[in-house]
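Shared between the two complexes below is chain A, which pairs with chain B and chain C, respectively.
Right after this comes the complex of A and B.
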């Protein structure tokens, strides 16, 4: 068995992992190794051929491949090592990793610190329990995108998309641009999940109907999909009797949620937050195991890759400092908990002595509200569940945190709800 | 084309009969309308339980073959290296009144020759099955009950049969049987005619139609749908045994069982339907399955985020209320192995022995084949089963076994290529042999790569690869094809 020793090992070479590896190297870690199961670096971005990436981080409008190429190039220039087509099989709490690939066979890698950047996976038809037949032609949005943009195939010609998050909208447009007929995008909620600009640029510009407060109730087709049944749902999400109709199509695309991939974290014994599906992290992005850090969509599903990059930078810097013996333990750990109107808060632990950026998601769309964290308040003009809200705990605000062990963050609505 | 014996159907019954016949110096052909072994509903989608044999009253054909089949599988499954685990089963009484039924089942089982049956009290019951409903008062424990993967078992049996000289013809549907002077002379199929004097009808749901082709219409097979949920391996701790409720007259009830891969499987309900092609799960059926499982394992209630998928199967329910195993009295050379709903999987090897007797009985001379090799080698699974040292040496020998294609189930490229070499011609064929695509992401990550591997290995364009044969193509062309055709969204 091949054995290796590294300062920092990053599991996952997507946007989060590359940012972490680069920053770890920049911070002074001597050896930084990225492990990825795909045959190229970049994670999901090489297949995201649309624009909209980098508006915050680079102040430029880039495509996915353009955005990630900058990180791949930088990592190479800095001497970040990588092993591709390599699957991590085990992560032990003492920071020993067992991985496999064709070239080395089995690898044991001992790391001074580890960064988890495994990203997320798509929720499937099975997880949603959509009943009906099981024909060919049901794909998750990411798989369809990969087939079109990397492999060069058409997964379908007459398409229904379930889920109006940004991924669903972008894939609907991608099908339309390829000349496929997109019959409808279906959304169970009474409002669309994706950004307003994507509703216009992906649906309205291509005359694709958006069916709100509806869902797919059955899949039809013995061999290939022949259609889907759709029905209206009430505010509680219950089906409304008598509203069922059939949309003929050959393909159903599911864009119904992403799930952080944390099987390795769980096996290592890292504590997960049930509200995010990712590890509980502090503002260093350190997990419940000392020296193991996490970032990006493995921690919680982000709305923008720019934010993913930022969490990678924090994790990479912390991991390098830990490997060099320079990471001071967090002073005065304050555990943040989501209160009313708040679905989750990340990081879950901050200090009263260092500035921290905290991301949260609201449960329902709100306007003119206030976010309250103990004595600290943040005005919130508008937010939707699909967008993360960023809270800056500045040095001044932080003074009010000192001495606290726990803090609930909740939403106080002043104005009306959409 | 010619064959001494034609077996119609490559489900578990047909595959097991073919493997039994491959022990003899005769030419056996299996014809199957689907694209692969076990692609018909009854074998593909059932609970995967090798029953001990206490359900059916003594004197029935089912009782005759069930307990004997159970004993036979213990050896055969090992020979063909199919997954098989003797986990035992529990029939659980949730009320005192049900204990009487357990006692009835036990005496029935004793009469059928089922070994080691015992009724366990609540104290012991909750110790051996810790997540069971605390209200359970007693259970019948049958230690010889086992679990298997029904499609892998059927595929392993057919693979071994073919290795020993049997032929398998897929996507070949029988359209007629030639009978002259009350003797079978041949069959007609969608791929031409085949001369034969002996036809064994193991056609599952369609066995009544095959039987009618020789003018025998004494029975009909109607489909009884059963729906299932399969849960994540993370919920695999919920059941240690195959857990049955106390049975109703029409069904053994909704079961909670571990699978050989460590998942938890729940189901089936029982719904009589008309259409043998109706393979759709339903809201109401799945709700019934969920509720039934929660009655046995109440902590199931908050596990709906652990669902991997749902599916359904059709039981081939004969109107005669028993297996139909026997030689036709009017057409010499036609043998039925029909109506084999549960416990058909369990009974298959016993019925296969019976078929050998029946063939001998109508004058077929069966001489043992000295070269018969009962053993099959399973596909290596270096990332899952073996120790890391043996994985290392396997990867050194064949680097493809070091490349993990299916992330969720840790299936390597080597396994997928081996499955294709062993006959997988469709995406489901690869999935059933290797589990690539059976995990949490349901093939989202590995699907495109498996298509690419199949395309390279089979030498066909990826667009012609199907999920399970016929028109179930996964891809509908190359990117830009539609633009060239001038199609558009408006």
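Right after this comes the complex of A and C.
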């Protein structure tokens, strides 16, 4: 068994983990080690060949591989170490990590601080329980993307996509550009899940029909998918009798949600937030265990990689300071809770003194609304569940939080004055 | 006489997603309504006159550690040339190694835009550990 001692260990070498590792090194941590189970750094970005990355962070329009290459290069230049093809098996609350790979065998790594950056996983057909046959040709969107853009396989020629989140829309476009016929994108909700930009540039540009308030009720096919049954659903999500029809296709792509990956966190005893599926974090991105930090999609599923990077920077800076014994505890702890119209709020704890950036997600599309956080209000011109809303708790706004231990953040759709 | 038509276009400049109603006479825009700002009008006019899109896809790589390399256009191309670009690229095979930024297709379809690699693909070594 190999034993190692590190200042900061980052679990996951995607956008969040690399940003954390880089910032940890820049902040003064002497040894920073990134662990990843894939054979290259970068997480999901190498397979996201579309543009639109980095518009906020770099003020440039980059593809996924271009975006992440900048972080991989920077991490190497700074001397961030990495172990690839390495699976973390266990994280102990005393910040000891058990991992394994074929070169070192079993590894025990003692860290002064740990950054959780495991990202998220796709929901599968099993999680949805779609009835029908079990033929080949059913893929998650991420798997299809990997097959097309890294492994060079075309997963199908006549495609139905279930789910209109951004991943589903982008994969629909990739299929169309590569010459496949995308028969439809099917969305169970009455509004599309993805950004308006993607509805236009991924679907309308290629005349791909979007079926709202519909779902896939069965998969057909003996060896390969031969078609899917779809049906309309009412506002409660129940199937509407008599609306069922069959769409012939050879491939069904599932883009039905992402789940933060936190088996390691849970096993370590870190408190998770049921509304995000990720650890409860404070504005330092510190979890409920001191010295263990979390960032990126492991905390909540982000819509922009630029925001993932930002959270990685905060976590990396905090982790390095903690390792060096320099992380100042929060002056106060104000617990943020989602109120009406708000699905979740991250970070869940702010100090109410130091400025903090808070992300939230609304439950339904809204226009001309107000976000109320106690005595603080934020005007909100428009928001959709697909796009996180950013709230800046500045020092001035924080003055209204004195003496508070809890703060409910809710959406007021009326009474907003411009 | 020119034909009078109306088109609706969703603005994507900001999350407001205004629905613009565009009145046209033949191919001429006579009125744009329903937008909250001038940035939106700029977008809508361009979207009708000459919609442009980033192009990205992959190209086949021979002798590389992976069989395809992602590519992108250096500038947006006309929306109606996306599939032509894709067909043009599908005919190519590029020998590894490829460096990010390498030109894969110079002046694709005469559009004045290059297609460049967006990642490195190392050559596959015969003697792998």
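Note that the second predicted complex is superposed on the first by the 414 of 418 C-alpha atoms of A that agree within 3 Å, B and C clash if a C-alpha of one lies under 4 Å from a C-alpha of the other, contacts with A are read in each partner's own complex, and residues count from 1 in each chain.
The working rule: a contact is a pair of C-beta atoms (placed from the backbone, for glycine too) under 8 Å apart; a residue touches a chain by one contact, two chains touch by 3 or more.
Since the structure is predicted, the reported quantities are computational estimates derived from the model, not experimental observations.
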Chain B versus chain C as contact partner of A:101, first or second or both or neither: first
Partner chain(s) touched by A:313 [first = chain B, second = chain C, both, neither]: neither
Which superposed partner A:178 touches (first chain B, second chain C, both, neither): both
Touching partner for A:19 - first (chain B), second (chain C), both, neither: neither
First, second, both or neither for A:154, with chain B first and chain C second: first
Partner chain(s) touched by A:188 [first = chain B, second = chain C, both, neither]: neither
Residue contacts on chain A - larger count, chain B or chain C: B
First, second, both or neither for A:384, with chain B first and chain C second: second
Footprint overlap on chain A, comparing chain B with chain C: 148-152, 178-179
Touch list for chain B against partner chain A, complex: 229-230, 277, 279-283, 285-286, 304-305, 307-311, 383, 388-389, 391-392, 395-396, 399-400, 402-404, 407, 410, 413, 427, 440-445, 447-448, 451-452, 462-463, 466-483, 485, 487-490
Partner chain B, residues of chain A touching it in the complex: 1, 37, 85, 87, 89, 98, 100-106, 121-122, 124-127, 129, 131-137, 139-140, 142-143, 146-157, 176, 178-182, 206-208, 217-218, 220, 222-224, 250-251
Chain A-touching residues of chain C, taken from the complex the two chains share: 10, 12, 14-17, 53-54, 56-58, 60, 66-68, 70, 72, 79, 82-83, 86-87, 90, 100, 118-120
Chain A to chain C touching residues, read off their complex: 46, 49-51, 61, 63, 65-66, 69, 148-152, 177-179, 195-197, 199-201, 205, 367, 381-384, 387
